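Across the two complexes that follow, subunit A remains constant while its partner is subunit B and subsequently subunit C.
Let's look at the complex of A and B:
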């Protein structure tokens, strides 16, 4: 009996989480779903046909599927681009964030509060405040690099967009990992060292297994934050880096609910998949909770 | 003093437009001949920044321009989807700020009109004048003020028309019969009083020019004469008729949808109210009327279009090339292709998914095949279109851009927020 409130909470949270997804599922396949129909009278794949993921009715042969997909529909190329940027940003942010988080989690030093504040700052400042200026600077640097004979593009490139995604991503990574290190006992490393283990072996066999669950959570945050960026991607990518959120935003003004729902499903599917795969690391027992050592 | 100032202003404006007419060169600036443009364009990629909210328009552009550009001109078309055209304008502003001049920009072409054109033109962000020196511009009626003025701003060859649109209405033939339709704002006022809660309109405001247009047309009807509104901005004229307009709109409010306490914030929201039967009318800008929206499944298949008998604003939308576009030649070729009669004939047919009407004067086409394509297109507007004769009979041009901001501000003040009208 005492567990009833617990189950009620679980159900409430599940509904809050699932309701939008279910609504997308219905809308993406509904056709002319207007008031007063409680449930759609007509079902259709027209949104998916318009997204060029499914051939037109009457032409749904294997060949036309292959034709369509070898042409790489916009949604699919946007999906790959989002995945590529997300992966790049996640990897980079963890590599940069790990040493910072270790220092913040394990040591006390002068000015630590200031460093902590600087790291959280990007979550306080809205992206529009710095991205317009950053775009202008990127364009300037591109021209300077070009004059110096280095043809690297920051503005309008996948590289530049990934770099800028690090700004909102880093606070989450450092915050999560510093919590991990706050509960981490560095003496294990000393023991391994006294037994003659080289540094890479200490990292691989002692540090990494201890922080792995927290590392997963940090990577998950990094990926999801990068995955959902629209404004930064648009401004720094100059509209040419067409990720899924970019497609979603330009479709959102159309008023075509089926289309919006279909793109939304493509957008949330990988996120849910990743969440499911990593869910066991998200349990309360993992060392991921906390932040900056105040556990 | 005021009238003297105005006279000088008018004189200056006409002088400017006279220069504009004579200033256009034989070839677009920077090129000696059209052949040189074609040659330079071969192998280029044109980055075309345009509102990307309609998959039907996106598909039309990729198919009807992307394919021939590649096959006939060796040009790659990269369509850059925007949530709003102003995003492209801001990008060019940022580039200018950073000093990315010459051909160091990123935007080759923008689908543009009105406020955004004015911003770019005033900030010196456009390449040109070129629009009257591309070969197919001979098919454009540049003498038409609806073409050579964009929201009252002289075009002066800095943008080239793509298509036309005209404001009119949609209704659902399953709910209303043709004889019940209002044919003027006066009749609409009576209809609203007789059918409480079933009418609304898009809130005029930035980005919602269609709502502003609905209000402008009422102002024309109340003033009884559209001619006086054409030409430069006239504050006295506005003051004379705006209060009557607000009074009329306020008098509707008790019988509007949600008693006029709130208004649809975008045309997409408004259309969805119409589709769900909350309001009985919606707006369209397409010569195919309700056709494109029926095709997209966003409104009932029994929806039809209709026009009032007068004061239905029509205008053109354009293509502009930023001053620092990296692939100007390819952009010029694309803008020229867009005006080719067979492409123009394709864009007016609802089956092809594009929204809007002709940019060319079809009577100027001489090629027999092209004339045949145009005639076929004229027959294929679909039965969801408004009566074309009635629509063209009601056509009036849009007016100076200054009115736009004033109407939007005053509407929000007096109608939406309900501040007392000055005596």
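Let's look at the complex of A and C:
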């Protein structure tokens, strides 16, 4: 019937959606790409060599790869740091958020609306509005800690940055998990208890298996929100905590499109992987989808 | 009963503590500093000087009002255009066809990609020697990069709007597509049997059904595009500057007096966003009651 125009529209739209990723793929491997060539006549790995991710041509043995990577090039160290912060933030937010999500999902209590509002607030208020005050607070608290003889730095440290990533991450973890608990039947726990199971066994054998899929999705969203933070990392890390977004941001000013594109590809690879894993959980109804709005 | 209340309080405490100290505490401290309260330099009296200076002084008022206009313009265009495109694409993709899964995956592809990366991608697509300019060159419509209009780093925020469109179409799209698929096409089929044409069906059946979801998504997108920093920092110009960029520039100014202005600006941004949300809540509450 009208199949052909329909498919033409779908393909055109798909190409438009893919355009940013396509542009990274071309730019990252283009060499002497003169205007107005649409597709480069020469391709090269030069940007990857300059980023020290791939050895020089003629020396691409396994050993030289290992040599290069064990030297921890900037991109790799930023990648590790982003992964480490993301994992730490995800773990912490789940541990802190799980009981709160349970309380919100299973119980009705006075002041529930206020509690919900407090937890949602960080997703509504623009980050700039609290991150400036936070920056000064951290410096003040650092001084107080130093005077108290506790040598912990919040400002400019990985610890401090991980701590503040909790602010944009917590709302999504708690909201996603409270949705899970709203459909959870706590009577199974009572049955296990009546059979004499200790609390940790009840959690491990009854609660956890029931909430695991939701927990998994919440954790991936938490990771993604932390993974893409730039402003908070920059303000609290004071330029000393160089995560992948921070590295990309400083490269963005360089004008070297091949290198910018290569870093971008490294940066988006885990994000697309997470989309592949979670896409079947995505629906407009779940609050988890809102998490993407902040990425 | 009393025990249960204590239990609930204990379960909520860690989350509320983190959010109260890091978020509300910082917001409050930022607000105090915007009022000129800064005990470190011996300033303890409270006034609205920073706000007045930012909005009305000869030095800053031009920058402020042009920045506010740009911010509203960018947020409005990004929200409206993204929503329109997302509805169109979602209507296209909701039917069953060969390759649907792949098409929906592409539709969602930009969802997990950070705004920062999309902003960088816009430079590669829409700068004067970018991919789009080359495409037009290939077609013979453009002969040199200078013939292509400056769409990134332009005074009208076109590049910023384009970046937001790429991101938010995916965000709106997933919400609209989910609503459409959960509704099915029965209502429209009824309207069709009653003689409604394609536009009438969309206008009187489909649109009202997706409107609630669309409105709340719009508010999220508007608030985000109005108040976020990364995209306008990468794709914006020195004048006019969107408010979040201006706020951070004030804040990072070596002159510590400019800090209060930066804080005041960030509070103004938050205030505008909150007012918009309250207006939205008021309107939805009223329309719901009418129904």
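We take it that the second predicted complex is superposed on the first by the 237 of 295 C-alpha atoms of A that agree within 3 Å, B and C clash if a C-alpha of one lies under 4 Å from a C-alpha of the other, contacts with A are read in each partner's own complex, and residues count from 1 in each chain.
Following the convention adopted for this analysis, a residue touches a chain if its C-beta (ideal position, glycine included) is under 8 Å from a C-beta of that chain, and two chains touch if they have at least 3 such contacts.
Note that this is a predicted model, so its numbers are computed, not measured.
Trainee: Let me test your reading of the model: by the given contact rule, A:158 touches which partner, first (subunit B), second (subunit C), both or neither?
Mentor: In the superposition, A:158 contacts neither subunit B nor subunit C.
Trainee: Could you figure out whether subunit B or subunit C reaches more residues of subunit A?
Mentor: Looking at subunit B versus subunit C, the one contacting more residues of subunit A is C.
Trainee: Could you say whether A:247 touches subunit B, subunit C, both of them, or neither, answering first, second, both or neither?
Mentor: A:247 sits against subunit B, while subunit C stays out of touch.
Trainee: Classify the contacts of A:258 with the two partner chains as first (subunit B alone), second (subunit C alone), both, or neither.
Mentor: Only subunit B; A:258 stays clear of subunit C.
Trainee: In the overlay, answer first, second, both or neither for which of subunit B and subunit C A:136 touches.
Mentor: Both subunit B and subunit C are touched by A:136.
Trainee: Would you sort A:115 into first (subunit B), second (subunit C), both or neither based on which partner it touches?
Mentor: After superposition on chain A, A:115 lies in contact with subunit C alone.
Trainee: Looking at A:46, would you say it contacts subunit B, subunit C, both, or neither? Reply first, second, both or neither.
Mentor: So A:46 only meets subunit B here.
Trainee: So, does A:238 touch the first partner subunit B, the second partner subunit C, both, or neither?
Mentor: Touch partner of A:238: subunit B, not subunit C.
Trainee: By the touch definition at the top of the document, which applies to A:36: first (subunit B), second (subunit C), both, or neither?
Mentor: both
Trainee: Scan A:274 for contacts with subunit B and subunit C and give back first, second, both or neither.
Mentor: Only subunit C; A:274 stays clear of subunit B.
Trainee: I'd like to check the shared interface: which positions of subunit A are touched by both subunit B and subunit C across the two complexes?
Mentor: Residues 35-36, 132, 135-137, 249, 252, 257 of subunit A touch both subunit B and subunit C.
Trainee: Touching residues of subunit C toward subunit A in the complex: what are they?
Mentor: 4-5, 8, 10-12, 14-16, 18-20, 22-31, 33, 89, 92-93, 97, 99, 102-125, 129-131, 133-135, 137-138, 142-145, 166, 169-171, 174-179, 182, 213, 217, 220-221, 223-224, 226-230, 234, 244, 247-248, 251, 262-263, 266-267, 269-270, 273-274, 277
Trainee: Which of the residues in subunit B come into contact with subunit A in the complex?
Mentor: Against subunit A, the touching part of subunit B is residues 47, 49, 51-56, 59, 78, 80-84, 87-88, 90-91, 94-95, 97-100, 104, 106-107, 266-269, 271-272, 275-278, 296-298, 300-301.
Trainee: Which bits of subunit A are touching subunit C when the two form their complex?
Mentor: Those in contact with subunit C are residues 6-7, 9-10, 13-14, 17-24, 26-27, 35-38, 96-97, 99-100, 102-104, 107, 109, 115, 118-119, 121-137, 163-164, 166-167, 170, 174, 224, 227-228, 230-231, 245, 248-249, 252, 257, 260-261, 264, 267-268, 271-272, 274-275, 279, 282-285, 289-290, 292-295.
Trainee: Taking the touch rule as given, give the residues of subunit A at its contact with subunit B in the complex, in rising order.
Mentor: 31-32, 34-36, 44, 46, 50-51, 132, 135-137, 139-140, 142-143, 155-156, 234-235, 238-240, 242, 246-247, 249-259
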